[in-house]
Amino acid sequence: MYFESDNAGPVHPKVMAALLAANEGYAHAYGADAIMDEVRARIRSLFEAPEAAVYLVATGTAANALALATLCKPWETVFCTAPAHIQTDECNAAEFYTGGAKLTLVPGADAKMTPEALRKVIEVEEKRGVHGPQRGPVALTNVTELGTVYSARELAALTSVAKNYRLATYLDGARFANAVAASGASPAELSWKAGVDAVSFGGTKNGLMAVEAVVLFDPAQAWEFELRRKRAAHLFSKHRYLAAQMLAYLEGDLWLEMARAANAANAQLAEMLRATGVVDYVHPPDANMSFAAWPRAAHRRLFDAGAAYYIWEGALEGDDLDEMLTARLVCDWSAREDDTARFVKLVAG
Amino acid sequence: MYFESDNAGPVHPKVMAALLAANEGYAHAYGADAIMDEVRARIRSLFEAPEAAVYLVATGTAANALALATLCKPWETVFCTAPAHIQTDECNAAEFYTGGAKLTLVPGADAKMTPEALRKVIEVEEKRGVHGPQRGPVALTNVTELGTVYSARELAALTSVAKNYRLATYLDGARFANAVAASGASPAELSWKAGVDAVSFGGTKNGLMAVEAVVLFDPAQAWEFELRRKRAAHLFSKHRYLAAQMLAYLEGDLWLEMARAANAANAQLAEMLRATGVVDYVHPPDANMSFAAWPRAAHRRLFDAGAAYYIWEGALEGDDLDEMLTARLVCDWSAREDDTARFVKLVAG
Amino acid sequence: MYFESDNAGPVHPKVMAALLAANEGYAHAYGADAIMDEVRARIRSLFEAPEAAVYLVATGTAANALALATLCKPWETVFCTAPAHIQTDECNAAEFYTGGAKLTLVPGADAKMTPEALRKVIEVEEKRGVHGPQRGPVALTNVTELGTVYSARELAALTSVAKNYRLATYLDGARFANAVAASGASPAELSWKAGVDAVSFGGTKNGLMAVEAVVLFDPAQAWEFELRRKRAAHLFSKHRYLAAQMLAYLEGDLWLEMARAANAANAQLAEMLRATGVVDYVHPPDANMSFAAWPRAAHRRLFDAGAAYYIWEGALEGDDLDEMLTARLVCDWSAREDDTARFVKLVAG
Amino acid sequence: MYFESDNAGPVHPKVMAALLAANEGYAHAYGADAIMDEVRARIRSLFEAPEAAVYLVATGTAANALALATLCKPWETVFCTAPAHIQTDECNAAEFYTGGAKLTLVPGADAKMTPEALRKVIEVEEKRGVHGPQRGPVALTNVTELGTVYSARELAALTSVAKNYRLATYLDGARFANAVAASGASPAELSWKAGVDAVSFGGTKNGLMAVEAVVLFDPAQAWEFELRRKRAAHLFSKHRYLAAQMLAYLEGDLWLEMARAANAANAQLAEMLRATGVVDYVHPPDANMSFAAWPRAAHRRLFDAGAAYYIWEGALEGDDLDEMLTARLVCDWSAREDDTARFVKLVAG
């Protein structure tokens, strides 16, 4: 009963097989190998962006921080939501990589911003000429940190606001595959066709060992990105093993197959949890994450039985057994139906 | 005939096997898994340092930059040699991670500094109170970037100078295993027993996919290092796959076995090259790297035959077929005798 | 009718006289002159802090950024209010000087935070171990950016919260003299006796040309501050001219005399504006600044007559002559009664 | 007998008078005042550069660091000499402001680089693609830190090398006036006509209180410079007092008059010292600084008599009374002939 995170599960066997297959003889280092050539071509094709610059890094924070630093000057501010990973979970990586840019929070429900809220915050931010932080890029996440999904149309409305102020948009796609699976839109429709300037195409949370692709739709920024990646120690020498993972991910749309499996597992979990009658959903479970509340007593039963997940709001300790505590439950490609059934049974009591 | 770099060769099969074995079910992320517990204990034991803080990162530059940043204030200067990797091959990563420290070059032959040279440069550096850069850590590399090896005694003489000025010493051990194999000294003798405060224990250049351990002998710096690693996006979520590589590396002293193989291959190469009578060695081939010169004509024969290596000094283009061009040749654990023989034959003509 | 800012007025004649007097012959540079010795002793005495480290810089932003950088690690977050000068008016200087720390906003009315609000935000901020920004110093401003004043008691309540979490407190005292004048508390009572760890004692907005003192009550941080000041290019060679200004400021409590004059001018302005019946005060005019609203028509009369001040909320352009627009009015030591009378008459219509 | 530094002497009376004159009533802050408009126009005219962007800051280090940061990316390296002020006397300000760029030292006698030396170092620096630091701007100083002067022709030869590699050139002109006075070339001839992209026009070492102008010949960089200046806390609110100093400096070529006086005083000092027969000049005293050696015994006589200057090489302590110790002697506009005569007499014995 593991719903702790989509980075706690195993790597897909096909990916392991690809790593083994890549482990033959010598290969040029630093991304100059043949597998990476193939990866580059396939990602451009997948995103319908033949000119895009494509890079691999090993962590989602590296993808975010490097892409933002490429889009943002040190004296600017990044517009993001309060639950944004770059704001809450990266220990100031964005500030470090940008050389000291600020993050300005845009209010919104379910970790999503609205065009109106974004416009308002942008308007307020820069009224002081040289004295205040200057307006910088808009940073969105899809799937959001609260498990919700932006449609292509919602994204386009936000990037349109950004473009009105000549601001770039970065999309944190740590769970991009799950957003594609959930929305039915294509990778291009969820990125550049919706006005996004750079996106990370995450793999680590979706069955890879440790690979994220960064796709810059404006290739003019490619060389700066490469220098930033190297300077930040994120250029891998034995790069073929990043490339091999990503190629396996692309092969036969494994990325989509795994994302669909994870989303489906979460949908089933949500349906079953709601059917218990004791569970309140806090955010719509659009993709592979659930934020749901149920009584403390049931949480205790679950942990006693070995379930693994985070309590998002509230504390397991406490006298009131009926108090509702919110859990975050995350499904990955390897989620198992019997685990779900057992979990829900324990919630129901 | 691949002598390009020890990061161009394959991963050792035992390491791949360990990755497969680790790929079962769920595991806590970020280094809180059982394999990492084992790694921590074993590295402390290997280094005879029961209190040491042990961390894994995926690139040598990350190990260097994070360790130096932990040891060095932004207004200080790091003492290193001119060929030091941190000076020449990391695109200002040290400057970035330290927040703008300087690197001051200590002269010396074969990428090694002497105590006298170090003392002199330290003396010169800080005569200006608050105006000049302040003296910071000494950064050594073993095996050096030019393939030479410091003995434990030589290291101790250098750290002793550093200690006279109350300066810390960091040892870039991207090829630490090769230094151990070459010197016959133990890991402890080549590190803290010789006065080193922090060392990287490299794996990527010695048969791993992408793992370096950072060992801080003063655990008081542990938490700062952890925050710096996270902030720099070098904390892996699926950390078990780093740990599994490192555990396989430690198991049965695979690290030493591979380093010995690489050093032996290089020693044989050097012996055979010298026997040709047309080769001049530029630096002593103490470990797994050769810097040797031979006529342009022979270089051309080699490249025509598909040999892979770097020309370190001079250019392949040129009219004078007798001109001596210096090559860098690197052997890893997978170097093959028949390749060596064929290579030397082509040099000999 | 100049109410634009307290940095638009002239330097007090006694300060100019002191500059002239200091302009004799040679003097040691960088703060090693006799005038600075005197300044150091007097500020320690004024603050009843015989051990304090005392430094001069030329801008308020330099004082804030250097002091915060000394108190805050790059992976931490500074707690401040939304209107804080460091948040809105320093173009990311705090982020730059700290090496990429974050600013976390504490809600509150009139640019003041309450202990409850501060505690809540601190509690929320750090729940994620190494992943989130770490808790850093609390940054207060007194007089606040909205013209209100913290009492010594209010400050103590806030620093007490900070101390519960072992966090330091910095006080931006760009208008510290006005706060002393307004509150009747002593410099010590408004700083270290109220739990403040470092304070800027501003002069530029109160009749000096360009000097702020930074007072660090913990002298252990002195050398780091000196290095940061030098590295940031804020150490003046002809430092005697900073010291001379500050000495004149301290002499005969000129600082307090000027602050009282500015506060009195503002109090009179507020009384007269309120008496017009058409003016709404937006924040309490505790010291030398007024934030007050009146109809657009009156604003137009004022600007036509050459008045100088900022419209804080709203725009001079617009059809509705009755719409209330908020002005910021600032008085300095040189404010003149006849200007005030003329200004109020134009507001009244 | 004060030869310690040109920043230890007094401000010229005309400059003090200008400050007093500027101290009337209100003036717009941050450089939007009428005096600054006049300064901007006059500096453009003086440099024959009608499009240039002109800014004032208060310290030479600020001028250097801000200009270099505007010309240099964090992953680049600045080419300068070993005695360069940015290398030895700014506590890593260049590294801080550029966000972690490196400084690469170009060898040369008397703190001057030659085109050949520069070309060689540039060639060596960047052979490693993304791995090494990238080539950045060339930074020259005129008058150099060792008192020598580049002619316009020498400057042009160096910037020509820089331009071959598409690198910008920055000129640290802390003693630019002295270079103009020494070389007989015009400000334009010693800057943009010689290929310089940005220059500081120093005043603090030449009779001002604390003002340096930064002149960017490419106005496209103006806004970035303004943001960098603000973010670094170097934008003065009461900016009129910087402008007033600079205007007095320009008025009637006071800058040139003072520089000529300082150079003449140094020339006389050098002539008289050489005439003693016991003094060796270490560097040519081209402008207002002497680096000269004489026996320890004479140094002791001087210090006993109250002379103030730096011993540059060697130590006052020591048994050998005949040992030659090198002094640095600096003359400013206020140097007095009787001081010089007395000083030389003490050297002669």
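Note that the chains take the letters A, B, C and D in the order they are written out, and that residue 1 is the start of every chain.
The rule is simple: a contact is a pair of C-beta atoms (placed from the backbone, for glycine too) under 8 Å apart; a residue touches a chain by one contact, two chains touch by 3 or more.
These numbers were taken from a predicted model, which means no experiment stands behind them.
Asker: With centres defined by CA atoms only, which chain is the most remote from chain A?
Answerer: Relative to chain A, the chain with the farthest C-alpha centre is D.
Asker: So which one's got more C-beta contacts, B-D or B-C?
Answerer: Of B-D and B-C, it is B-D that has more C-beta pairs in contact.
Asker: Roughly how far is chain B from chain C, going centre to centre by Cα mean, in whole Å?
Answerer: Going by mean C-alpha positions, chain B sits 51 Å from chain C.
Asker: Based only on mean CA positions, could you tell me how far chain B sits from chain D in angstrom?
Answerer: 42
Asker: In chain C, which residues are in touch with two or more of the other chains?
Answerer: 74-75, 90-92, 96, 99-100, 130-131, 134, 227, 230-231, 235
Asker: Over in the complex, which chain B residues touch chain D? Could you list them?
Answerer: Its residues touching chain D are 74-77, 88-92, 95-96, 98-103, 128, 130-134.
Asker: Spell out the residues on chain C that touch chain D in their complex, using ranges where they run on.
Answerer: 2, 4-5, 7-11, 13, 16, 19-20, 23-29, 57-62, 64-66, 90-93, 96-97, 204-205, 209-210, 227, 230-238, 241, 308
Asker: Report the residues of chain A in contact with chain D in the complex, numbered from low to high.
Answerer: Residue positions touching the partner: 30, 73-75, 99-100, 130-131, 134, 226-228, 230-231, 235.
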